[in-house]
Amino acid sequence: MTLKTKDEYIESLRGMRKRIFLFGEEIENYVDHPMIRPSLNAIAMTYELSHDPQHRELMTTTSNLSGEVVNRFTHLHQNTEDLVKKVKMLRLLGQCTACCFQRCVGMDSFNALDIVTYHMDRELGTEYNSRFRSFMKFVQQEDLVVDGAMTDTKGDRSLSPSEQPDPDLYLRIVAQAENGIVIRGAKVHQTGALNSHWLLVMPTRSLKEADKEYAVVCAVPADAEGVLYIYGRQASDTRKLEESQVDVGNSQFGGHEAVVIFNDVFVPWQYVFMCREHSYAGDLVEIFAGYHRASYGGCKVGVGDVLIGAARAISKCQGTDKASHIKDKIVEMIHLNETLYACGIATSTEGEKTSSGTYLIDMKLANVCKLNVTRFPYQIASIAQDIAGGLLVTLPSDKDFENPEIGPLLRKYLVGAKGYSTTYRQHMLRLIENLTIGAGAVGYLTESMHGAGSPMAQRIMLSRLANLDHKEQLAERIAGVANEPE
Amino acid sequence: MTLKTKDEYIESLRGMRKRIFLFGEEIENYVDHPMIRPSLNAIAMTYELSHDPQHRELMTTTSNLSGEVVNRFTHLHQNTEDLVKKVKMLRLLGQCTACCFQRCVGMDSFNALDIVTYHMDRELGTEYNSRFRSFMKFVQQEDLVVDGAMTDTKGDRSLSPSEQPDPDLYLRIVAQAENGIVIRGAKVHQTGALNSHWLLVMPTRSLKEADKEYAVVCAVPADAEGVLYIYGRQASDTRKLEESQVDVGNSQFGGHEAVVIFNDVFVPWQYVFMCREHSYAGDLVEIFAGYHRASYGGCKVGVGDVLIGAARAISKCQGTDKASHIKDKIVEMIHLNETLYACGIATSTEGEKTSSGTYLIDMKLANVCKLNVTRFPYQIASIAQDIAGGLLVTLPSDKDFENPEIGPLLRKYLVGAKGYSTTYRQHMLRLIENLTIGAGAVGYLTESMHGAGSPMAQRIMLSRLANLDHKEQLAERIAGVANEPE
Amino acid sequence: MTLKTKDEYIESLRGMRKRIFLFGEEIENYVDHPMIRPSLNAIAMTYELSHDPQHRELMTTTSNLSGEVVNRFTHLHQNTEDLVKKVKMLRLLGQCTACCFQRCVGMDSFNALDIVTYHMDRELGTEYNSRFRSFMKFVQQEDLVVDGAMTDTKGDRSLSPSEQPDPDLYLRIVAQAENGIVIRGAKVHQTGALNSHWLLVMPTRSLKEADKEYAVVCAVPADAEGVLYIYGRQASDTRKLEESQVDVGNSQFGGHEAVVIFNDVFVPWQYVFMCREHSYAGDLVEIFAGYHRASYGGCKVGVGDVLIGAARAISKCQGTDKASHIKDKIVEMIHLNETLYACGIATSTEGEKTSSGTYLIDMKLANVCKLNVTRFPYQIASIAQDIAGGLLVTLPSDKDFENPEIGPLLRKYLVGAKGYSTTYRQHMLRLIENLTIGAGAVGYLTESMHGAGSPMAQRIMLSRLANLDHKEQLAERIAGVANEPE
Amino acid sequence: MTLKTKDEYIESLRGMRKRIFLFGEEIENYVDHPMIRPSLNAIAMTYELSHDPQHRELMTTTSNLSGEVVNRFTHLHQNTEDLVKKVKMLRLLGQCTACCFQRCVGMDSFNALDIVTYHMDRELGTEYNSRFRSFMKFVQQEDLVVDGAMTDTKGDRSLSPSEQPDPDLYLRIVAQAENGIVIRGAKVHQTGALNSHWLLVMPTRSLKEADKEYAVVCAVPADAEGVLYIYGRQASDTRKLEESQVDVGNSQFGGHEAVVIFNDVFVPWQYVFMCREHSYAGDLVEIFAGYHRASYGGCKVGVGDVLIGAARAISKCQGTDKASHIKDKIVEMIHLNETLYACGIATSTEGEKTSSGTYLIDMKLANVCKLNVTRFPYQIASIAQDIAGGLLVTLPSDKDFENPEIGPLLRKYLVGAKGYSTTYRQHMLRLIENLTIGAGAVGYLTESMHGAGSPMAQRIMLSRLANLDHKEQLAERIAGVANEPE
């Protein structure tokens, strides 16, 4: 049953017994919870579009494992065309949801793990890759959402995992039995965790011998015993609980992050893909991060498209769209957004085949891509606020528009240019608010900063990947001088 | 009774019968309303500090009108030292409230009106300035908060007031009687309007003969008949209604803006300071904007100080404060923030005496100041988010920390560096969230963009004030060429 | 005789009788002139590397016209791989010359003309494309350098060509005979014109019916009668005439631009590829500009590599290379440089086949690419100056180092870190000077700003290519609102 | 004889016997040397304007030492008005010379030394301040130019002075006699050294006990025995040797830097103001740097005015001055330039009296000022190049315009908009070239980066001066949390 429909996906979640906490209380029916549902809708769009003939080419592909048509989110990339289509798929989904649709972390984890477990097997004689590929066939067959659970809480960042006062501040193996292992720890910033079928646990940093109990990769059903979810707050999150859809800005879609706690969770060997081989942890993190940094060159561009469209719409609504400075600001938004896209595309086309057959993006350009993503969305958002005007943050609530006394007055006074209703203006302002200073800004801005690693992580990678010695030699050749002691 | 105490101020508001709408309902007791109270607290700080011996020199001064000690917010600036102290007072208040404390618009309006009405009287033989100064004596005597009500809703911005399909889209005189006038219209983005004793109505743009019904300046008691207030929404505004103080970020202080509707409000002549003298409207707007653009070189710097402090605190909490890139980012925040301050100070010290005796800031530098304010807070906020890490937007609600099952787990896993509790981390992250993507960001970012005019307004002023011909002559002299036809 | 050697190329120029003016005098032997030779050396590198087995794959390809191996600079791109390899070839040449190697304008003109003449023939029944392809076979066979001569002098830019007081301010057809046409006008900023075998004349802007005499494309031998060259000055140009090679910074290579005047030059029909078909001029200019804007995503990146290498070398020389802020600044240079490269690559891989079979780059991304090129080299250069220190612009002349009294003193006092001689430091500082404030900065900075059109030209194209309506629809869909009058 | 005239100043230099090297040869008459004279002209402007009634208020003041009217460049600032007028004087001189006029380093050294020697005398019982003030009276009386000689060559920057392999890499005391000391070393980047009457030698960094031989401050006649000058090269420097004045861009004025070598120079005690008191070296350097960093908020603003004027002139010349993007770019130049000015002014008005009576600028704002100076001129220059167009770097030499065959053709084809001759265009383009990529860019750009310390030096000072603990407390108060261990 590959290629679940949107409805099948939603139903599949109903059957799971996850323990989820929100505002201090455990949630029974999270699928229909108004705070959570928009994030589920966003991920559901990855299913819906896979059945849309117009988008099928981007959304699906043929599995190298099974020969079946699978959702691209479960695919191991087999060529640079796959990598490019992935970026275009992500842009499309960003355009259709204007938020984080949460399924990329899993996809990027799959590809990273395939490469690293292949290396491990070849070098260590283990069988992790075959185990992992079996798991992947199952994921493809069932068209599952898998949360890549990487980021530990880290405690004092100047200390290594084993040096922390509390050994649990990084997730670790706490026991081993004949049939599997037991893990304990917490993963933070878990995008879309509640909407997942499985969790794919991975280490968050390179590890030394002393830290080897932290070198664990494994897959866990999302409702496994001992797994707890605590929902993360977002700006303006409770607007989703209000009756009005207008003030939410984006009433259908949204992202979410959760803290996921693993309280001594048992994992059978079948789902263990790394177990104390600490020297591979760094590679895994870097390769995953590489894929994920490149992915941002797609998804955030799609969200940017929506924000650019909203900025233009509000300028027309206010009668300022013909002003040269407004037009120029929109060009600047486009320019910045398309620069991100160019980075996403180039990172893909410059990708290369690895020994497992899975294609890896260009690591240097992936870091360049992400570093731009940590900057440009903030600039785009700031321009959008410039164009939108102050009403963006002073507009009364939609309920005021419904009040019989003041509603008509608000509609009278807040009317825009001919052809644009006050309601249209409300909707458009709330969308821009959502993306620049509301729940959408969590994904569009802060996640752009920190997702797949904060900017400094990209800078460190760049300094390593740039081959500075070669550049020095180029300079010496042009300068006509060799660096030799006198 | 000059120099009200904080408590006297609060009590003085209780006696007023304003009609205020919030979330579609009319509010009875707005003084104690949890959504509104923080903004009232912020303005109350302008009273509290005026009684603090440490800050008295900045907060108070001697009135040129009465010779009494008055709150500086009600003062007509009599020298550049007054202008400088104003900027320092605003920085202090920004530091103490981390939000917009709302009393500047009135202060800047007073000074602008004094200059312009003086000109009018001299040129037209009117008596607006003496009327206005009587009003000012009353304001000083009673230590009042006066809302400067300038921004009209504007409808289609490519049309002038009188060209709008609905003549009410700019506030106007709709009737005149022997004892006064009747005005109708709406003012938007009215900062602190609910916390004001009086409203000072002014036109929002330069006006031509055809628009002369829109050329009206007058003072109206904030609870005058026909005045309606509709509260503006802010990001994460309803967190103030939740029980927890932590998630608000800044639980004591906040700003607010309101739409204020004037439904045929009667104004006695005594409080009318411009009545159809359309050719003075432009000057008034420009001078007011000049003062207000300079003010941002104080208040936003104070808020910036808090954000810089929070960024450093969170870095210590996370054990990253010694990292060279973190230290450098904090230096960058300081640099940007102090550049704004330098602009505020220079705008003041370069101020000049006008014919009424009131000192006007340097108009060119005021626009330079504000243009930087439209940029640097966004950059500072983005750096703060960089330093704070992703937890800024994924932290569970404070209620989760109180849940008996997950609270202890969250405290265990989200612990920071030695000496910093998880609670401290929560508070600091929520404060940064407040200022960069929450209710505080409304004031710190979007208001920095649009308050006292959007950036393009400053650019237009700069091009007018820059004396480009002189610069061209300088260039020609250096180039050794005169611009003469061959 | 495809694939000329470097020496054959140089010899081929000796046979030409070009009329060249420099410093007010006509130059006899320009091939060996010390001011001009470095630019010739740079273009010669395009020949030299075509024979280098290591670079042959980038430098050469198989012609779709003849099936022969040709220099890629004479190739009509037949797939996106061709487009990508072009970018990589340009980066390589930038790395090997640290300057403009001048042969791209011809290459980009070839491809643009092939596309446009094909359209013309199909729509108008003309035979321009077959004429042009015959010319191209000759160019490939002889491995020629062809200067794309596009930019007119433009006079008053607010007037069209035919509106100018002097009709010659744009190049035009002044006469027509049975066997050909006569053209008059001047082309400015002609990169590498002196080093070319042929000139390919093209209009510089879109043209209307009234301007049709300006709609002319034709090829002219570079030493045709009536063609005059006036060499353009560059910063520090006469250092090439000094004996010392050190102070030049880049003593082997350099670019040049010339004013080329066409004093009633006769062109036989065989070499005329557009003759008054004014409606195609705009397309030609845009397509050429598209190609050329993309090319900058290669060549300037290569120059950037050299500058980054030089910055690192000088930091080691000064003992500052371990400082965290220096390392971070080098990372920033890399980041900016690779962003340009990513744009160049993506512009190529997103290219598409046109009806003539020639592949066109992605027009939107090409403009994005160039717009970044107008910015980042300036930032990279500024960082290089930061790292290099003030000695960059205060270093005495190399002749001082040779003076018996002060030479030893200078070598004593200006010594750097262990292992680095003062001579090495001199060379490296002079190279950075060359690229940031000397002759090299002409190509690396100012040409990056204006080559293939000034930034505003890219912005205008972006606004046209961005499909803003689609973005608005995306926003409306997310906002849940349709733009319909109430 | 206070207040020398311009001519008296020039004559005073003729009497000196300095040993100056340029291009490997010793120069006899440097006063009339065409390469050097423009820099002398620039400094002469500081004399000329002191006699101009229009500028006398800025250029002169009354000495606190003698009660006589003195040139402000020799003044010890006695109040903040002095500090403000200094900034305005520097802006004026920048406007009148468009280059570095070289006399500030001396002025800033005077004030720093007065403060530090006063502290020394008070704490150590020395008599340095009285010696120094005697010297100052002489400087004021004779209206001298004094070069502040601070920057040592530094060798390997990771080593302290006494750790260098060669002990002379920082200037030091090599011998002491009854009547004075002997110093040896070299000072680099010596702005205007050739045009000075005296050299004021100071240490370049804070020093420890082991480095105490390097803790020396003394005044030396500029033609003292053992002093050698080696002229530093600048971009396009030899254009000054060409006959044409056009191509120089700024034919009258320019700056210069020199390497000054002290070959065992004897200094009588009377002129020694610090001798081994190493613990005061750091203070001196910081205070000097503070003054000098503030000065840039004047001089570079004046040069910026010229560049803005030139950009506007060339846009009019090209018929693009009405284009909205050109107007907006000019506004941006103004904005950046005036921000620098605001920083210069605020640094002055926030200055404070020191114990010697001399006023010190605000140290924090001085570093903010300079840090902006390391950025904005580069941005302004880049915008100027954008406006100027490519002809900036491709314009033929002026000699070509004089050639009888091609001169008329160039004048025909390079004509601009109505009313602007080609000659005007030449001059204006050459001026912009001078300031953005020529000799003027040395002062306007690279010196802005490194003068008074490279940007990192300002950042280190800012982190020290920012009182981060106070900001943290502000944040904790707002967040409602105290930093206490759980």
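Of note:
By letter and in written order, the chains are A, B, C and D; residue numbering begins at 1 in each of them.
Please note the rule applied: a residue touches a chain if its C-beta (ideal position, glycine included) is under 8 Å from a C-beta of that chain, and two chains touch if they have at least 3 such contacts.
Remember, it's a predicted structure, so these values are computed and weren't measured experimentally.
Where touching is counted per the definition, the chains common to chain A and chain B are C, D.
The most distant chain from chain A, with centres taken as the mean of CA atoms, is D. One inter-chain figure worth recording: chain A and chain D are separated by 51 Å, centre to centre, where each centre is the mean of the chain's CA atoms.
Centroid to centroid, with C-alpha atoms defining each point, chain A and chain C lie 40 Å apart.
Touching of two or more other chains is recorded for residues 325, 328, 459 of chain D. If touching chains are joined by edges, the resulting network of the protein chains shown connects every chain directly with every other. Looking at the complex, you find that chain B touches chain A at residues 21-25, 151, 153-159, 165-166, 168-169, 185-186, 188-189, 228, 230-239, 242, 247, 257-259, 261, 263, 318-320, 322-323, 325, 374, 378, 382, 385-386, 389-397, 399-400, 402-403, 405-406, 409-410, 412-418, 433, 437-438, 441-442, 445-447, 449-451, 454-456, 459. Contact residues on chain A toward chain C in their complex (touch as defined above): 84, 95-98, 245, 249-253, 305-310, 312-313, 327-328, 330-331, 334-335, 338-339, 341-347, 349-350, 364-365, 368-369, 371-372, 418-421, 423-424, 427-428, 430-431, 459, 462-463, 466, 468, 470-481, 483-486. Note for the complex: chain D touches chain A at residues 324-325, 328.
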